[in-house]
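Dropping the structures in below, format is structure tokens.
In what follows, subunit A forms one complex with subunit B and a second complex with subunit C.
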Partner chain A sequence: MSALPSVPLSVGANRVVRGVRVEHVCGDPLLSEEQDAAVGMRIVATAIQSLQTPVDKPTLFEPLAADASKEATHVS
Partner chain B sequence: MSLELGTFPVNDAVLGTQTRWHGGVLELDLEELQALVREDPLLKDSRLELAKPGESARISSYEDVVEPRVKVSGPGTVYPGVWGRSSEKVGTGRTHRLSGFAVMECLDMSHLSNTEQLWPSLKMNEHPAAWERFVDMSGPNAERPPFGGLNLLCLVVRAAEGATGEERRSSMHAATMRLSDRLAATTLDIDPPEMETFDLTPRSGLPNIAFVPHLASSEWTFGSRSPLGTSVYGMSRLNYPWMLDPTEVLDGAIYTGGAAGTTWMMVNNPVVLNACRMHGRDVNFKTCVVQRTNWTKEAEKQLMADRLAHALKMADIQGAVITNDVRGQRFLEAILSVQACEREGVKVVLLTEEEDSESGTAPPLLVSVPELKAAVSAGTGATLHPFDGVQRSIGGFDTTQESNMGEIPAIHGRYGTSHFNDIFGYDTQSYDSY
Partner chain C sequence: METPVRVVHYLNQFFGGIGAEEHANTPVQVRDGPVGPGRALQQMLGESGSVVATIICGDNYFVEETEAASQTVREALERIQPSVVVSGPAFDAGRYGMACGLISGLATELGIPSVTAMHPDNSGIVVYGKDMIAIPTGVDAAEMQAVLKDVAGLAIRLGRGNELGPADEEGYLPRGYRRIVNRDKSGAERALEMLTAYVHDRPFTTEIPIRAYEAIPAPAPIANIREATIAMVSSGGIVPRSNPDHQVSSRAENYFKYPIEGIDELSVDDWISVHGGFNTVYLNTKDPNYALPLRYARRMEAQGEFKSLYHTCFTTAGTGCAVSVAQRMGAGIAGELRDAGVDAVLMVAT
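Up next is the complex of A and B:
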């Protein structure tokens, strides 16, 4: 999980999950406590899901993408 | 847009009964200068010490280095916007400078707890001096940071208890500026022995170039209104690219006491000075664009890179030199700028330090992009030789000054040392020596 996915992708990490910010990867203190917890849960759930997803190259998972179909992006 | 820069070389600095520059010698009345510092009650425990090139001395935990400069004619004040100084635009008229000399400020925090020390507060137990910034005035590594070759008036401040870290540093920086102003004033009524004129009027038929230093903002660490850390006209905030005349940089518009830089390194910046000298012959040196870094969301970093590229395009820039100041996530911002500029058709050369290669097993850059076509290395920051023990210790961050005086092992690349970050290519590892 990384706020700056281009770094782990560039060194060939298989599964990369986008977090929120460098100083708070798994949440957003600007949101309400409930929304903050929901964001964190979504990121962690995506990470666990990604472990069960077969990949054949460095792949970015976007837990907070507006369009759910874009949740996984292959990086060429 | 023309700036005359008058240089008063300081071949020697001596203690005396008056403060004056005369025939290459800077005489310092320490009593007068000390009074100037102690105007501020927070600095009542401070002291001034003189260090000379070749002396067996080590200056540790320095925060900023300032070259005394003064505006003789033209609008504004050198080092504008900080500590109550005017923010009027600088970069024209005539400026005088003392070369070969600087005021170096050191904060002695030895009696404070880690939390009181605030920033920079990182310490390594085994070899503290290898982590903190220091300068040796003699020995095999004395020339590595450019400051080892200067006569240095060191302002050593013992941090006052009960004051916040921000208050302590503000007091110290303001006093450094008072010293700089007083010393530069010694040149006011004298014709400079050396004079250089920078007339940056564009000439037709030459490519337009820009210098784009990426400079981290301390906004995240300090309050957004604080001028502590690297600032432009006193503004330390994360913001949209600043487009400056190169001569504004020479008048101190970039004030940098930040993580890696010093104010001295910006007014003596080899990229700025050399590009100014190439102006009208090889290139038109149109602008210096300060790109603030420390945006902590990737989308923000991308946005700023795109805005930089667009600004350069609007200014009809064909080529740019891009530098970075702190590694880690800030390097990503610099590399995104390279990519965005190249995609807009602006040719880029990246001047950068390299990561420690870990004996050839690690890549030289944290991250790269296919658009990166040209890069110049400023080395890894490693030293070949250990640092000899010294007879005199100035500054200090450790409880026992003696521990500052021993031999320090050779430094193994970056990450693990802040000895000297060669951002702009001053060092013997720089492009000049290859």
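Up next is the complex of A and C:
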């Protein structure tokens, strides 16, 4: 789980889940408490899902893909 | 004509003609003149150098009785006063390569230049590579003659007190040093030339080689996640508030383990991030679970999404960390988790 997924992907980590920001990888303090928890939960759930997914090379898993505009603003 | 350089040559028990593995415990012995491959080395040196003595030691003895072996070698070098020390070539022989590395270190201590030769993956290079001049070899002693020719060339120059140029020009393994040099053309001109060569598909040499990371085979997916024990790891500098192990905020060289059994989430009253590489205000005033998401992992555990969380979390502060240090810590964490029967890891990398 990393907010800078290009780094772990480039050094060969095989299952990488995109986090929110370096300062808060698994959640977003700028959101309401409820939404913050939903984001954190989605990231961890995606990580658990990735562990069950076959990969043959460094692969990025996108927990927030359903909300593309939000994702883009949070990737730094 | 210049005075011939005085060479002391180091060999293991095999190349020193004492015997194979059954003689690997042979202590250090010093002989006059060249021995074994030292004779070929002498030929290559010609009139420019003379192998005045050969130090021979068993592979096991040198790595097991390092202190005693080093002391004997040190005394011999002080007595003989060579102008350069040659060791090996060790090819891919690990203990021999380690001994050659130690020999180079001893020579350096005494202010004597040294040169050795071995395979780039030899543990001697891995451990001592930064501190010695080593010519790369293959794994096959059949190339002994060719290697000794290169060794002799560098030995003569080092023995005469000459400075060597860059590794790729002189043919030794890069040690990772950078030196300031003057170039004929400015950086802009050189960059443009490189770019032109690149677009025309012509060969060029980068001035900033990027480390090639090892390819890690992807582990197979977990077949039955409901039976899996999962551990939590974080490089976000998360520690108990009192920082009991005195984790540092940057250039950490250790990871630490903290029990999380019976804890549902990381409370901001009990946990803190000491990470010095980013603003930790959100972690330290609001929610440490951002960097070690115990709260959400516990929920999934409670829902039966996997069997259980491992009772201990592993953390370090991942900033300003050398790749070699990170590899050592990673191997340590992975080894402990494997031995504990953990199936998978949730890791936050900040």
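Going forward, the second predicted complex is superposed on the first by the 66 of 76 C-alpha atoms of A that agree within 3 Å, B and C clash if a C-alpha of one lies under 4 Å from a C-alpha of the other, contacts with A are read in each partner's own complex, and residues count from 1 in each chain.
One rule holds in what follows: contacts are C-beta pairs under 8 Å (C-beta built on N, C-alpha and C of every residue); 3 or more make two chains touch, one makes a residue touch a chain.
Keep in mind the model is a prediction, meaning the values are calculated, not measured.
**Student:** In the overlay, work out which of subunit B or subunit C sits against more residues of subunit A.
**Tutor:** The partner that reaches more residues of subunit A in the superposed model: C.
**Student:** What is the contact status of A:51 with respect to subunit B (first) and subunit C (second): first, second, both, or neither?
**Tutor:** After superposition on chain A, A:51 lies in contact with subunit C alone.
**Student:** Which partner chains sit in contact with A:27 here, subunit B, subunit C, both or neither? Use first/second/both/neither.
**Tutor:** Second partner only.
**Student:** Is A:40 touching the first partner subunit B, the second partner subunit C, both, or neither of them?
**Tutor:** A:40 sits against subunit C, while subunit B stays out of touch.
**Student:** Looking at A:3 after the superposition, I want to know if it touches subunit B, subunit C, both of them or none. Which is it: first, second, both, neither?
**Tutor:** both
**Student:** Take the contacts of subunit A with subunit B and those with subunit C, and give the residues found in both.
**Tutor:** 3, 7, 10-11, 22-23
**Student:** So in the complex, the part of subunit C that touches subunit A is made up of which residues?
**Tutor:** It comes out as residues 213-216, 218-222, 225, 228, 230, 236, 278-283, 286-287, 289-291, 293, 295-297, 299-300, 305-306, 344, 346-350.
**Student:** Inside the complex, what are the residues of subunit A that reach subunit B?
**Tutor:** My answer: residues 3-7, 10-11, 18, 20-23.
**Student:** Spell out the part of subunit A that touches subunit C in their complex, as residue ranges.
**Tutor:** Going through subunit A, the ones touching subunit C are 1-3, 7-8, 10-15, 19, 22-27, 29, 36-37, 40-41, 43-45, 47-48, 51-59.
**Student:** Quick one: which bits of subunit B touch subunit A in the complex? Just the residue numbers, please.
**Tutor:** 220, 296-298, 301, 329, 332, 363, 366-368
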